[in-house]
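See below for the structure under consideration.
Read from first to last, the chains carry the letters A, B, C, D, E and F; within each, the first residue is number 1.
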């Protein structure tokens, strides 16, 4: 039986770590094959620390960011991490990349997709990516697109927590407990040497979401991740 | 081991049938003990057909409505149905009834509660009831209320589909497949002889929600019920 | 054939003038019988100028406000103006007054109701009144309320423009041209001697709504009133 | 006197049938000339049944879809149906097509436009089309665009009901009774042989909107269509 | 010259600490006289740890809570702390207390008021208190209420951060840097011995709001508090 | 010490006058250097009166609009006004212009930016411009964009009042008193000879916003401008 699969579409090469590292590690630990697409390196807009180093070049920044992301992916148990180098700030979401993403959907048939929030007043690339990736998912569902392939079903889409959630009108309607993989997420976070100022910030996010998950469930949960679902949950029981 | 329990708070004595008959029958069929509180008979505002009969009185309307609701409850497998006779249009949500509902929470410790939508421009009783019932749930969580009792945990709350959902800003984020119990729900609906004009209306609602559940899940579902969750879903996996 | 009727529920005795004077005069001029209920005189919260006069008493304020409102009603062609003296800031919406309003609905069977916006951060009485009046309308629709009377149909409800519309999340989805009765509305406004600071303010509101009505319709309109509809418009043509 | 005109902008060649067939037939029956622009055939994304046939090609799908749409248009009394073949999933809204649509506005001066909802989480083409078509309408209003032509006035825009209305934050604030033309709409629906699974779904939609129209108006209405207005209604009376 | 004054209306006796301790200490340090009204002790709903002690009684809980709150108030530099003992879960907002709060407004003429968010799905008392306190503020503005007194002006109102902000649709549009008083706030937090599980939670909240304040301002800020303004900001410059 | 700077991004060459003339004059009067970028002349969509003149050409319209805007800018004390001639209805927001705007941010380091509302159902160019200009601001913050330059900080962004504010879901959360410069704003308005029909309209807007500013502040203010802030206000005091 083939493994379950999931797809994570990350605008910049560190987003999947802060925003979905727990979900990735959790499903990987259960044998899922998680594919992460890093559309850009965040080389212009999310590498401030690197650019403060003398003699820095765009190539060095990209190489450094790729190395960090790969290490983090390994820690989390990512099955496949891809770097599409589309540029950032602003990201250049080409037609070619669009159909490449459709091909990924058709190739791996993910059971769910994780990607960015629909609004982010601090970051133009994030909402651009989520609209584009959701559109690619819909094209992958079209019977007339490469009609010889099996069409995509209806995998749910969950949206990452943005950096300042309330300002982005993002509301977490799904809280995922990630205690069993927290050590991995923290280790992956620490791979992001160029953004050390965010390590404690996102550790606190995990603690707050964990406390909230516990409060909403009577379960003992310390660390969590929040997501906003795009589609209604189809369930067989309300419990 | 005690059975799982659920609580349904219905403003009028037929609401639980149209709006939650599938969920009730589904959980009852799995051995759950479902308690339904009918706060009023809907004797003034939801019994038009009865009032058109000559010689009708308030007592007869109430008796008729109670008999119908009891038959429907039996068909659905309701464990306990209670009639609190608080009046309707407008409903009279007394302090005494409030603490009686708190007592119910403490007595049965439901795993979830179903009740009305938070807005209903066609019906004042529905939003009044949902605010009041959610408030009672919170009081049941208070350690200082009857401190010798076990406090209520954090059961999720799901809101019924109102009659004209878009006008009530109600959005179904949970779709429940009810094919296995549809026959029971339809039979319960047909117990509501005083509101025969709604039988086909709510059958069509079930078919639309079923089609939507199928579309959102790749599952084969014909009949469904929609709910809006009040609290975030706490989950252990995103699949 | 009995005249068409309309009902205006005004929290304070001047609200119907600023907010609905044009609609009242327009329909009155077509032979409609418009009933205006002034639930309070606004004697505490909307009579600042009067209270600055030496020797002012509550009785004098109420008498002055009633006289002003009666004059304005006469100018507008109001059929029946009633003063229920429920107090203001905060208004005291009694149970008795509730059923009195239900009786008015049953007595005049208005073709539409005008009342306050659902939010007003500057005024607690306005949202309290609109919720209460809409609830009374629903009770008047209940077959079991005074079952010997003819029940109310489904008259549309239009919400007045509040003083600071954007702050109250009020959006005018209906723009009524009032050029033919503007002189009457202005004359009625000038009856409100205790609130002279508002004359020009509401004249400008009329000019802005008129310009917007023209812009949205290609019609020549100078003065307008905006309303927010509570219920969907049921139409026989889209033109 | 020239006939009244209306414009329907349909992303895919069947949308105008499910979503606006009643409005089209109703106005056509009154002598209106209704122009329908099918921007694409929905050949990739909305022709699943056709693609399941052996030997199917893109050309055959388009030809079949065009034939179906023409038959439906004839049944509804469409004055002019155009197929612009812009592709689908995703649709390719070219600059050239944009100005072609502006030309249509200038040529027919529609009294109203019907097009898609502003959000559709299941379909990227629908919101793209509505933004684009509304933009073309605005360009048609510009005096400096082809200054020798008569500029467009301010025709209202009504948005189609999407497939899952609540998920698309679509709220029907206009309900149109379509009983007199229901037979035509159903016949047009049955022309859509490639999407037979939707026939009953949209028949139920019509019944629900009809029941809701009746409930909101005291009129006897069985079948209806819902629309969401983009602009405020400019009216001469509130009745 | 009299000191500047501010009013904090706290549903339960610890709310002012978690939610506004920084603002209180900051203004107190500048010589402001801050009045805190604790409407209840939170004796039933927010004293779980105390109730787990053997032999606990309602009187002991209240006394303990009052002592904690007084110590915290002293640490923060509160000018006047009052305990109105209205009960909690649910709170009993009496008419008498309403006019007592109006009297406070008239007595101290606060330059701003802090109170709870307008929605809180975890806590019924919070939204009840904010509506009630805002209503009292409006009554205090009424010239006809105790006409011999000076009426209240238009002090802005800022809403506390609730426990789970996104679930409460609370959006912080004001971020207050509190570094200079953080030690006091932390010390006040540690006075709340009955809710030790919240110490770290609200310390993390302060760190997140501080990081966000820094991000939105280029200032160096470590600890912050977020508020949502009810009214528009009236300013003399945009910088 | 270099002057303080501000940036105004105006879709059409008159927008900065109606919508921000007061803010510009106010800050200019304090010695600020305000840069205004007119992305287009509004030559097609906002020059109706000019196009009604015989023999009008696109070049004459543009020249006339530029002359008007320059005169208005001079009256207001604008430091630098630029005309980028990108076309209008629809505006053509090129990649080249995007980086030109980024360069402006990097060159002047504005303390705040003013631009259009995020929704405008009457005008496609306005929301397109605001999204684009906010995106340019974000790119100007990126350390990897022209890494030798000083990156932009976090200047707040305030959104102009659109023509029909409620229809555009625009809510003024900042009210700026402009009495001291009203004469200049009115004089600048009168420079816009091609849009004389808007002079009184925007004078009334200024009076309404002034009255509202007074009402929200107890200050004496006659003329005002409203803005909607994109980012939270970072403050050092709540008074």
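Methods note: contacts are C-beta pairs under 8 Å (C-beta built on N, C-alpha and C of every residue); 3 or more make two chains touch, one makes a residue touch a chain.
Bear in mind that the values here come from a model prediction, so they are computed numbers and not experimental data.
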Touching subunit A and subunit F alike: which chains?
D, E
If I list every residue number at the interface of subunit C and subunit E, are over half of them used by both copies, so same, or under half, so different?
different
Of the pairs B-D, C-D or D-F, which has an interface that repeats that of A-F (more than half of the contact pairs shared)?
D-F
When the centre of a chain is set as the mean of its C-alpha atoms, what distance in Å lies between subunit A and subunit C?
53
Centre-of-Cα separation between subunit F and subunit C, whole angstrom
37
Quick one: which residues in subunit B touch 2 or more of the other chains?
122, 167, 172, 212, 215, 226, 231-232
Taking touching chains as linked, do they make an open path (line), a single closed cycle (ring), a hub with spokes (star), an all-linked set (complete), or other?
other
For this structure, enumerate the chain pairs that meet the touch criterion.
A-B, A-D, A-E, A-F, B-C, B-D, B-E, C-D, C-E, C-F, D-F, E-F
So in the complex, the part of subunit E that touches subunit A is made up of which residues?
122, 163-167, 169-172, 200-201, 204-205, 207-208, 211-212, 215, 226
So in the complex, the part of subunit B that touches subunit C is made up of which residues?
43-45, 47-48, 51-52, 56, 58, 61, 88-90, 121-124, 167
Residues of subunit D touching subunit C in the complex:
4, 6, 23, 26-27, 30, 111-112, 114, 153-154, 156, 158, 172-177, 212-213, 215-219, 221, 226-227, 229, 231-239
In the complex with subunit A, residue positions of subunit F that touch it:
98, 134-135, 138-139, 141-145, 147, 151, 230-232
